[in-house]
Amino acid sequence: MGKITLNQVRKSFGEVDVIPGIDLSVEDGEFVVFVGPSGCGKSTLLRLIAGLEDTSGGIISIDGMDATDLPPAKRRLAMVFQSYALYPHMSVRKNIAFPLKMAGMDPAEQEKRVSHAAKILNLGAYLDRRPGQLSGGQRQRVAIGRAIVREPAAFLFDEPLSNLDAALRVSMRQEISELHQTLKTTMIYVTHDQVEAMTMADKIVVLNAGRIEQVGSPMELYRSPANLFVAGFIGSPKMNLIDGAEADKHGATTIGIRPEHIDIGGDGPWEGVVGLSEHLGSDTFLKVNAGTLGTLTVRASGEVMMHHGDSIRMSPQPGKILRFGADGKAMA
Amino acid sequence: MATAHSRTAARLMLSPAVILLLLWMIVPLGMTLYFSFLRYNLLMPGMETFVGFENYYYFINQPAFWSALSNTLILVLGVLCITVVGGILLALLLDQPFWGQGIVRVLVIAPFFVMPTVSALVWKNMFMNPVNGIFAHIAKSLGLQPFDFLSHAPLASIILIVAWQWLPFATLILLTALQSLDREQQEAAEMDGAGWMQRFVYLTVPHLTRSITVVILIQTIFLLSVFAEILVTTNGGPGTASTNLTYLVYAQSLLNYDVGGGSAGGIIAVILANIVAIFLMRMIGKNLEA
Amino acid sequence: MARKASNTRKAVVTIAAWSIGFLIFFPILWIIILGFKSEGDAIKTPLQVLFSDWTLQSYHDVQARSNYGRHFWNSVILSVGSTVIALAIAIPAAWSMAFVPGRRTKDLLMWMLSTKMMPAVGVLVPMYLLFRDFGLLDSRIGLVGVLTLINLPIVVWMLYTYFKEIPGEILEAARMDGASLKSEILYVLTPMAVPGIASTMLLNIILAWNEAFWTLQLTTSQAAPLTQFIASYSSPEGLFYAKLSAASTMAIAPILILGWFSQKQLVRGLTFGAVK
């Protein structure tokens, strides 16, 4: 079981309110991603859940029990740190077995669990090496191994992939997702990368300046962002935000349209001049100077060949325009 | 990092060190301060009377105090000049590539590990002795009259001995600083057309300034308290020619049994050291921020 | 600079550096040599000394005459004893300051440092009287206490700078893994800090071994370490150069060897981490 509930949880460092008050519930077995810009309080929130920081107020409960004042060791949570935080003086085997040793488990059972974890994570060949002799991806796996042997109520990940190169990041992302499918244990995963959030999460929590901007499934956030912040944060490339006369036409202060929801060619209502075209092969991204609309990003198919200075016409796909009011909130 | 739990534990684990040092600070120093206001002679126990600042008055007004003060300053400044200038030159030399770098480094550092009584006695007897010392042998072989260093230039001789002990320290620290010089910065300056001299003046010297300051301040702390070297070579003499403040306090309190006067001298030494310490602490404190 | 210095230049630097290194090291070399000479030969001119016969006589004399062994053991007990106690007090303290820093941690560190700046002579009189009144004069226990206290700030500081380099996340990981504070320090922090603790220990042994204020003031014979023993040669009778050299060589050899291992740490320890 691993249901985690936050009730008006606050954290301030001295004068600074880093987290002014958060209510959130993470269901058993759910993969929840906290996403938000750097410095918005994601790590702090995760560390509050872990018990590595004291709350300044509010209640954290795990499986219905008040865990607010429990020390980290008693919360049955496992954490994977950004820096991996492996014990450099211990072999991989000892690293993975450490939590079991701390729990006083008998050596035979320890060994069994370690080899089981090593098998899942493909670490069998490295068990007697030191962390210093491993690659970044292998270290990451050891850190995960150390977390899974304990069979915790939930896993906490703090930007676990940010020290890996791009290719490895993609494959580790998939491994973690698969691990979640296998173990079906609650996972809370912190990242600033919205691609990770979109691809991995059952539920995304978008944080900004210590506040929750929106909670929802990836597609909910993609389709109907609750406000301009979420609209701008989720989706890559970023949603085009247009204000002024064009927004007025839709009765909004700002309208948003995603690059993939603008069609080019024909006799669309918008016109502009191509400033930059990026050919990725599969797609082409165009930066179009569209006069009073500002600069629009448009996603076209990879076959489209456009060049700097070409004039084009564009049309927004019907029903894909999102409207935002003066307060930045989405309008019905 | 910190939870209330770990903070409590931290406080508990910190307290032995803090309490011990606090006692070490307060008890003896408080006693010195207290004694310094008493007429208190070990030969006349039970006769202690409160005399206000009298001890300070007499301590400062004895001729030996002023010579001790000037000897202390000359000793500190003399050793500092030799070790800092020598240390910079030596560090620059040892920073160049040459054969046997590791061995020479070890040779140069070695004097720092020699206990003060050994180095003082070795210099006194094997080198500076006017009959059997190496300097005397050299002088005689050149047809010169051997010079009796410790009788005729006692302070200078002690400066030489102490400088020999501390030169390695200055060299080692400045060498460490030189080796942490940013090579890319040097290369960038070279690309910008800066010559060897300009790179030295505009890049190396500013980089070394901090380390030189640290060397000066730390050595000063230790040099203010030079004791063993004086005790085993000249006993502060002839007269008070090589008596420094530390030695004077020792002589007054443990050789003349004048506890009150010695304590007053001790307090004066503490004040002197604190003036230096304040500068040193600022330096180190600044470094803590970074 | 990755460029190759010309060999001529390198040769010139080599000669200069070796000559200066030799000059600086010469007094030490000289006592090592004199220790193996007879008293009669030891006072001759340098060249005569070099070509005179070698003998172990002085080493025998020193051992026979003067309980050399006791003084040596006193030095060992005082330096190692005070170092071990200082470490036992300083490791928990440095852990606290490095990993659970509070608002006043910095002030506390600076204050500890300031106790090191207090000149010994400022507390000479009361320490002497306290030692006298408690019967601690010329006792190893009393001196171990004093040496512990005077070096404690350096030990705390050195450990602090080493601990600071250990990422706090690793200790947090241990905490998440269910380690108690004791296990955290015992199984995770200490093994990781072994190099730092070892060099702190080394430097502190060196400093305590060579300490020559309190050892001279507070001991006479029973508890006297080598510093005091060597000082007794300041008013000797008869010829003594060879014996002094032999005794000195034995007194400095262990520390010279330890010192060579700790060059780097020396810088860091003696500058309180201001130069690394």
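Going by the order they are written in, the chains are A, B and C; count residues from 1 in each one.
Here is the rule we go by: contacts are C-beta pairs under 8 Å (C-beta built on N, C-alpha and C of every residue); 3 or more make two chains touch, one makes a residue touch a chain.
Per UniProt, the chains are A = ABC transporter ATP-binding protein; B = Sugar ABC transporter permease; C = Carbohydrate ABC transporter permease.
Treat the numbers as computed from the prediction; the structure is a model and nothing was measured.
J.: Please categorise the chain-chain contact pattern as a line, ring, star, complete graph or other.
T.: It is complete, because no pair of chains fails to touch.
J.: Out of every possible chain pairing, name the one holding the most C-beta contact pairs.
T.: B-C
J.: Tell me which chain's centre, taken as the mean of its C-alpha atoms, is farthest from chain A.
T.: Checked the centroid distances; the maximum from chain A is B.
J.: Whose Cα centre is nearest the centre of all Cα atoms in view?
T.: Of all chains shown, the one whose C-alpha centre lies nearest the global C-alpha mean is C.
J.: Distance from the CA centroid of chain A to that of chain B, rounded to the nearest Å?
T.: Distance between chain centres, rounded to whole Å: 58 Å.
J.: For chain B versus chain C, what separation do you get between their C-alpha means, in angstrom?
T.: Averaging C-alpha atoms per chain gives centres 16 Å apart.
J.: Could you grab the centroid distance between chain A and chain C? Build each centroid from C-alpha atoms only and quote it in angstrom.
T.: Comparing mean C-alpha positions, chain C is 54 Å from chain A.
J.: In chain B, what residues contact two or more other chains?
T.: Residues 1-2.
J.: Please set out, as single numbers or ranges, the residues of chain A touching at least two other chains.
T.: 52, 71
J.: Quick check: what residues of chain C touch more than one other chain, meaning two or more?
T.: 172
J.: Which residues of chain C touch chain A in their complex?
T.: Touching chain A from chain C are residues 167, 169-170, 172-180, 183, 187-188, 191-192, 194.
J.: Which of the residues in chain C end up touching chain B in this complex?
T.: 1, 5, 9-10, 13-14, 16-18, 20-22, 24-25, 27-28, 30-31, 34, 43, 45-46, 89-90, 92-93, 95-97, 99-102, 106, 108-130, 149, 152-153, 156, 168, 172, 181, 206, 209-210, 212-213, 216-217, 226-228, 230-231, 233-234, 240-241, 244-245, 248, 251-252, 255-256, 258-260, 263-264, 266-267, 270-276
J.: Note which residues of chain A are touching chain B in the complex, please.
T.: Going through chain A, the ones touching chain B are 51-54, 71.
J.: Would you pull the chain B residues touching chain A in the complex into a rising list?
T.: Residues 1-5 of chain B touch chain A in their complex.
J.: For chain A, which residues count as touching chain C in their complex?
T.: By the definition above, chain A touches chain C via 50, 52, 71-73, 77-79, 81-83, 85-90, 98-99, 102-103, 146, 150.
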